[in-house]
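Below, each structure is written out as structure tokens.
You will see subunit A twice below: alongside subunit B first, and alongside subunit C after that.
Right after this comes the complex of A and B.
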């Protein structure tokens, strides 16, 4: 059946079109705000972008970028791997999962910024504190999504596996994993955004290096152009990473969604 | 004409003296343990009966009487609380034995796999070689009328088609005992009749033993050598009705006068039980 394969071309056009529209809208809005507020508050898009290019070209800038990338990379690895492992362990055992879920939800609902001083005391000023704070934001949602993904695998599918005499490993690899994957991945996507948020927050306070530090310094100096340039840089990263993750998401859900849902 | 030769399995010949049963239940019961705020549920038995080698056996009974529980226990998916289950002479003990195929009442198709891959699933896990897998999958897909949908995903199919995918997925394993739990529940009457004829043909050509759970009395009548009529919960066979139909039968049977007699017999056995089952439900509601 030809209709079984969603028309790829139209989806990729759509994938590209939406973010382009969003970017265009942002640039237009930005220009308007600039017209209203003037250079003191918001510099115009074009000069800001050229400032960004200039900044990125400077040797001084790269260590800061590297620091942030390093902190975020480590925090993300902890959030994703740790979250999935915790979720699998809790989801695999019914009772533990039922007890742990409300605890995790409560823990997650704490305003985490208020705990930052504690983290600073624990980890000291620097890389480790940022990583810890970033991971703290991301790991719980990833664990919760994974927990529910495992729990929501339809019993009939697992029974079908047993009826086909699958071994425990085959059952995990060929039924549990693919059945849970789309929801686990949704958790990874959310975990990505939240870990980025956590890492940036960690850098804004009490740090000596990184993009967050540059941002704070720019605020002190009232260097609007730099503030906006860094904001653009981080946003561009977040948006493009999210697009990539969404594309993977769509592929994973290929089977689960009705035909032509992307049109 | 299509043939089910691809499914043909060497059936262990029954010993000449006393034909050994293909599967046997002895004093089997199943009690679900009490959940928070509820009583334990005595769902099944005690039941003792033999499935004869190569017969087509149907189970009818009021809703909630324990039919699916019977299938779970017989297949080895669930352990009986008491009693023993034997398949081809060996005890069934908390594992589905080789040679038993199950089609569930609920949709159990894998949404992440295409129809083809769903059907091939069991063979691939069992390490069957690719050419043989392709041959059997091809046949089963054609047999179940899914040829045009081989690359579709379950979400793109109707409920009845998904159930057919599950039947095909079980058939490719060439089971010697096939357990089907209301597989045609989601089909319209006409398709049901046609699928029934196909199932009969498959049964004849493979020599497999079939146990079919159904709520349609005329379907049970048409397809079966014997029909087990179950009581309200806890399910027991109140009677096993022998139909005496030829092996070469099809839906044209329904025009014969003996056919009507069997259906009326089933209904008269079930009427009282169904009323009792409804009563149980209402009593449970009042308590809650």
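Right after this comes the complex of A and C.
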């Protein structure tokens, strides 16, 4: 155990080094862009960060952050839970799955922004529309990934379940879900990103509160510092959450596949 | 037609008919959803309107420019990354989380930098679509069977010949799915941008119809955009199918 530790550590150092270099390159590029274009177009990295910290410290910023977090949280819950349930139902029944899959694929590849006005008409202005739009973005990929995951569960395991006279719910809980988990999780990760995108889109267009609203107000005021600070805040949140989900994803895959067959 | 296909058609026709009945009987108010027949009328009306074609042209042009840049650029970058493993190792964590960044948050910044014209829209759509193409290209090139590469070497093909005659065709299915994504993402970039802040284009027209409670026109315009994207995707899909069939898959 202890003998194996040093090489593994050095590998992780090397794996971490390259992304850190890229990160540094991004910051340097940002600084260069600032030198070229000036404060009017793009503020330098350091002032942006200090402005962000200053903004987060302000009392009037927090309600907006809370509003966005609330909308995103609800949308994420709907798309994760709803998507997995829909995927399990469609995947569990062969014909239903065959009927529904092309419809879902078509919906998935549509530019859903186009439908945002429809969502606004259906749900009215405000929180509900944002949640609905975010969930609408996320729920389809989660359902599609779950559907495929369930379909790829080995038939032998299902037969074993039937031999043990499991009920439908037990079958889903004890056989389908564990066998399908790695792929379902890949869907959840994608659903996370798309839900965030949908929620942000919802806030940018016709909204009275939230980070998206602050962004739109900053455009009107030509407040580049705020635009950049919020964009950086959202991106940092998105990237770090995604990295965490990726790490879980990798662990699940390692657990699922026998050694040597890992993806 | 297969049973699933038949049921699917039945389901869709049934849903449209149910919507029509619900709208006609007043169960769904026209302030929310207009009847499908009214949408169809609105489509015909819009197609006759020269003003519509101007906005449509502006948007499609932006999408086309973004798509061409994203597809060619994405392909070249993806290709380069498969050739230079250290670079790929460095960049891949960022590529993996690229789509978790809501790019639209940068649109305000792009407006400040480029001004309120077509440039920020095209830039946004290109950035949005290109990474899908990069990822698809790398996935495709990774999965070229080693035996094909060996065969190319046996035939002493030069680098260009090897790429054009062996690697590209072998990777084509993945690259085509990248193309489909690139189209959807370019449309999303352009139309989302036009919604938020723009003076022309189909997204602006939809938002304008929404603001003026002109639901019939709004639904008609949405329907036109969605039909356009879906038919493009279906033709790429048919092409993919034909290609796979020729290979006996």
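Annotations for the structure displayed:
Methods note: the second predicted complex is superposed on the first by the 212 of 263 C-alpha atoms of A that agree within 3 Å, B and C clash if a C-alpha of one lies under 4 Å from a C-alpha of the other, contacts with A are read in each partner's own complex, and residues count from 1 in each chain.
Note that contacts are C-beta pairs under 8 Å (C-beta built on N, C-alpha and C of every residue); 3 or more make two chains touch, one makes a residue touch a chain.
Keep in mind it's a predicted model, so treat the numbers as computed, not measured.
Shared-chain residue A:197: touches subunit C; no touch with subunit B.
When the two complexes are overlaid on their common chain A, residue A:165 makes contact with subunit B while staying clear of subunit C.
Once chain A of one complex is fitted onto chain A of the other, the partner contacts of A:99 are limited to subunit C, with no touch recorded for subunit B.
A count of residues in subunit A touched by subunit B and by subunit C gives the higher number to C.
By the touch criterion stated above, A:118 is placed in contact with subunit C alone, subunit B being left untouched.
Once chain A of one complex is fitted onto chain A of the other, the partner contacts of A:35 are absent, as it touches neither subunit B nor subunit C.
Those residues of subunit C that touch subunit A in the shared complex are 2-4, 7-8, 11-12, 31-33, 86, 89-91, 93-94, 96-97, 99-109, 111-113, 180-181, 184, 187-188, 191-192, 195-197, 203, 206-207, 209-210, 215, 218-219, 222, 225-226, 229-230, 233.
Per the touch definition, subunit B reaches subunit A in the complex via residues 75, 77, 95-96, 98, 100-102, 104, 106-108, 110-114, 121-122, 125-126, 148-156, 166, 169-170, 173.
Every residue of subunit A that touches subunit B in the complex is listed here, in rising order: 1, 3-5, 154, 156-157, 159-160, 162-166, 170, 174-175, 178-179, 181, 254-259. By the touch criterion given at the top, residues 15, 18-19, 21-22, 37, 40-42, 95, 98-100, 102-103, 106, 109-118, 120-122, 190, 192-194, 196-197, 200-201, 204-205, 212, 215-216, 218-219, 222, 224, 227-228, 230-231, 234-235, 238-239, 241-243, 246 of subunit A touch subunit C in their complex.
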